[in-house]
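Here's the structure, in structure tokens; my notes come after.
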Amino acid sequence: MRRLWRWFLVLFVWRAAGESDEDGGERPPRIVPEGPPSPRAEVVVVALLALAALSAIGFIVVYALDRLPYQTQYLGLTLGGAFAFLAAALIVTAHHLVVTEELEDEYGTAQPEAAAQVAQVVSESGSRLRRRRLLAAAAAVATTAIGLAAVVPAASLGPIYDLNRFTRTPWRRGRRLVDQHGRPIPAAAIHTQELFTAFPEHADPEEISAPIVLLRLEPDQLHLPQGRSGWAVDGIVAYSKICTHAGCAISLYRTPLFPPVDEPPGLVCPCHYSTFDPQTGGTVVYGPAGRPLPQLPLMVDRRGHLRAAGNYSGPVGPSWWGVRNREVSS
Amino acid sequence: MIERTTTTLEERSHTAPFGLKALRYLFPDHWSFLLGEIALYCFIVLVATGTYLALFFDPSTAQTVYHGSYAPLDGAHMSQAYRSTVHLSLDVKAGLLIRQTHHWAADVFVAAIALHLMRIVFTGAFRKPRELTYYIGLSILGLALLEGFLGYSLVDDLLSGMGLAIAYGVALSIPFIGANFAALVWGGPFPGSAAFWSRMYVAHVFLLPILIGTLIALHLFLVSSLHHTQFRGGRRTEKRLIGVPSFPGQAPRSLGLMFAVFAALFLLGGLVQINPIWIWGPYHVADSTNGAQPDWYLGWLIGALRLMPGFDVTIAGRTVIPNPFWGGVLFPSIVFGALFAWPALERRLTRDRHPHNLIDRPRDAPNRTGIATAILCWVFIIFMAGSADRAYVLLGWSYQTQIEVYRVLVFVGPVVAWWLARRICVELLSNERVEARRQAAELEAEQAAGRG
Amino acid sequence: MSRRALLAAAVVVVLLLAANSLAAGGTSGTGGRRVPLLQRGAALYAANCSQCHGPTGEGKTRPGPASGVNNVAGIGPSLRGVGARTADFYLSTGYMPLQNPYDQPRRSRVLFSDRDVKALVAYVASFSPGPPIPQPDPASGSVSQGMRLFTQNCAGCHQIATAGGYLPDSVAPPLEADSARQIAEAVRIGPNLMPKFSTSLLPDGDLNSVIAYVQYARSPDDRGGWPLAHVGPVPEGLVAWFVAGVVLVGVTLTVGRRIA
């Protein structure tokens, strides 16, 4: 080992001597000043680097093990640790093993002469042009048109003009309600103070106009808007499950056990707490929603199962330009 | 040996003069100049870990039924996107570490940019000739917010699915064209076409990283071309730049910080759970959970959405401004608009069109500091309003009362903050002046005593 | 004494003892233990519950004069027909008795002893026939089925990881302290503002699965590390700023020291 070290030293000195010999014995003046050695810092840095290496090897070992509990934690500790030791080594180097010079330099300034020359080159290049304005206008028109042509295929990304899909719903008169397993829902199965989620039969449940909430209220507590008196079946009402504020699912049902002290019934959205009153046709009673919850008219078929008696009272989901002026369609 | 390498390289590239300039480029020595670097190193981690994740993720909304190793999800219907992320997290060795590190890096990336931006604004480093650098930095911030949102929405878990629905509601709320715009981006009404997921994926792994990377490169180029600013003091002037050369002085410092950032992110990635999507479950249009929040850098928007009273602006029966517009579109536009307009506004109000290489301490510009503090306070109050529901659950403060209080604080708070910040700056400055005068008087007295 | 007299005395003593034990047996036999329990329940009810729920559990919609242990003059729903199930839930969680009928009942320290709770439950159940205390069996349920049902029916208020939530204007409490029996009771009763879930909406097998999931969610698979209470991005953001942010700014302070 010592012999190897000695050979290395000889090689180094010979090379160094050789370099200085090439310059004829003259060394160029130092750019980076010399600094005092710091043997303790060197030891610390070597130790930190060794720890970094060990940590990294530890990572590889932990990775190789199967079914190790807390494996993610060990992986993070070893890899993070390796980086941390490396960082520490570098910071010690910065403070103790390199010379931290404080040098001066000059800020550059803007060079308006160069900018003027650039402008000059551009303007002088137009010496052969007579109808400058016309050419510029023609170039502008051509560029704009080509740019437009390049951008136009983006319109294929979506049905940018066909907003009918925003008002189309899978509900229509006679469509049966089903639960999440696809089973029809008997009206007798809906009790007061319960929240049912239902979907249209044979339709995609992942459209926002599909899911509805079903509740049974006391018929004498219902004060539905004009024209909706037949929309409830024995006190059972249905509303869209999608909040008209920003589109989250309304999965909270506040229902009083003891009305003299408890809040009245309310359908609440967990995103921004818009609260809708199911007794008055889904009107907003709290929160930032600006539009009442669309109601679905219900009827019962001969087997006692609930069916839709028509489409919603309005478009489903968050508000947009035409939301109050368009009819829902099936 | 080193010289042989550099000579070889120079003969084949003619870049040695540039290399020398780069090696001896001077950095200011104050710690606050390193905040932007933290963001840069987070970006490196994001790209590296993100590449790994993209090798496993399946950006598909095709439905499947889970029968993997996590029992509570057995039999659940989910998209391939969600399933592939659950698989990566729970069945791929080191998969969870890389995924969590990636998510932590995103959170810290935006936090570092925010800190760096605060340093820039509070010291006036955006002034001529650095306005362009500043605009590019602001653009990086905006893109980072979008990139982060897309990243965690790609996973299609219950929380991020709700967030996407809200984003859809916000898009719809743009006056007149909102529905057309949303139809374009989503490929139809929510939840959109299958292509929407491909769009999010391509935007997140390709388009935005390239854009952000290019802007970062431009930003760094401009910073070095104009040179860093520096604080006053010592022999530093508008003309004379004093600093530490990048080699050998600054390099181990910056590299040390880089590895410290890597260490912090990987340690968090292994030790602190983030976004445990297997606990949230997959997203379905008819499902939601209480207490859902966006990642922290979008919390200011949920606060704004919750604070607004409930009304759509309708004119002649037409829905002109749906409610989410105020909190989701106007509020961030005002904040970013104010930030973008700041250099020009300050130039006009202070009538100062000179280039500045020296920056102010916050106290040296009481008006700027006051206004910046006020804006920060405004955003922060709205941000806090977004947590009012958890405050109710934890501390019992009535939610409705909190909202009312926040609605008042939103106006009062920034005014108080502006006044207070200005006052503190003015006081500190006058204290310094008094102290300087006292020291000068003492010196004179000593000299007089010495003469006498 | 003569032998006959002794025998007669013995018979009388035995007869007296038998009569005594018969009389005592009326109160200490299995059928007879009920009487003191109900009496105990009645006494407790009169002292703690009748001010709001009426002397015979008929409920009150208008407050009468203040009375009872805590001097309460309140209103309260009728307890007729609610059965042992409701009484057991409200009493074993400490929701009842409630000082102010307008407050939202919260889980609190149960001030009654177990025996007192049993007595009250028996007494309330005696008003009219009502549902008995349920006997759920979460071990027979499926955690995965429970997670799906919990997401669809419960997470909107109680949060997907059972950390509790808000709805105007009350708290849906976190579920870590509830026993399987209490969860089953709450689901069927729908206490306070909570909706109820009858067997048509949630059959007993599904309820067992939901309870199994709630029990699992108390310590779910947290192999990613410190779970931050399973609340989500809010504590995550706090960690990003106050752990990573503080540490890294600290590193810049170390690295970027001014040169002397």
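Observations on the structure shown:
Labels for the chains are A, B and C, by order of writing; each one numbers its residues from 1.
Criterion: contacts are C-beta pairs under 8 Å (C-beta built on N, C-alpha and C of every residue); 3 or more make two chains touch, one makes a residue touch a chain.
Please read these numbers as outputs of a predicted model, since none were measured by experiment.
With chains reduced to the mean position of their C-alpha atoms, the one farthest from chain C is B. Looking at A-C and A-B, the interface holding more C-beta pairs in contact is that of A-B. Here the chain at the heart of the structure, going by C-alpha means, is A. Centroids built from CA atoms put chain C at 46 Å from chain B. Averaged Cα coordinates give chain A a centre that lies 40 Å from the centre of chain C.
Note on chain placement: the centre of chain A and the centre of chain B lie 14 Å apart, centres being C-alpha means. For chain C, residues touching at least two other chains, in rising order: 152, 155-157, 165-169, 223-225, 251, 255, 257, 259.
Annotation for chain A: residues touching 2 or more other chains are 71-73, 76, 87, 91, 94, 100, 102, 180, 197, 249-252, 270, 273, 286-287.
Contacts with at least two other chains are made by residues 29, 96, 100, 244, 253, 256-257, 260, 264-265, 268, 270-271, 286-292, 389, 399-400 of chain B.
Interface residues of chain C, counted against chain A in their complex, comprise 61, 75-77, 101-102, 152-153, 155-157, 165-170, 189-198, 200-201, 223-225, 251, 254-255, 257, 259. Of all residues in chain B, only 29-35, 38, 70-76, 89-90, 96, 100, 104, 107-108, 111-112, 115, 158-159, 244, 253-254, 256-257, 260-261, 264-265, 268, 270-276, 278-281, 286-297, 299, 387, 389-390, 392-393, 396, 398-400 touch chain C in the complex they form. Against chain A, in their complex, chain B makes its touches with residues 1, 3, 24, 26, 29, 93-94, 96-97, 100-101, 129, 162, 165-166, 168-170, 172-173, 175-180, 182-191, 193, 195, 199, 225-227, 235, 238-245, 248-249, 252-253, 255-260, 262-271, 284-292, 302, 305-312, 314, 317-320, 322-324, 327-328, 355, 357, 389, 399-400.
The residues of chain C lying in touch with chain B in their complex are 143-148, 151-152, 155-161, 163-169, 171-172, 174, 213, 216-217, 220-228, 230-234, 236-241, 243-245, 247-249, 251-253, 255-259. The touching residues of chain A, when paired with chain B in their complex, are 15, 19, 32, 63, 71-77, 79-84, 86-91, 93-94, 97-110, 154-155, 157-163, 165-166, 180, 197, 199, 205-208, 210-211, 241-242, 245-252, 269-274, 284, 286-291, 317-325.
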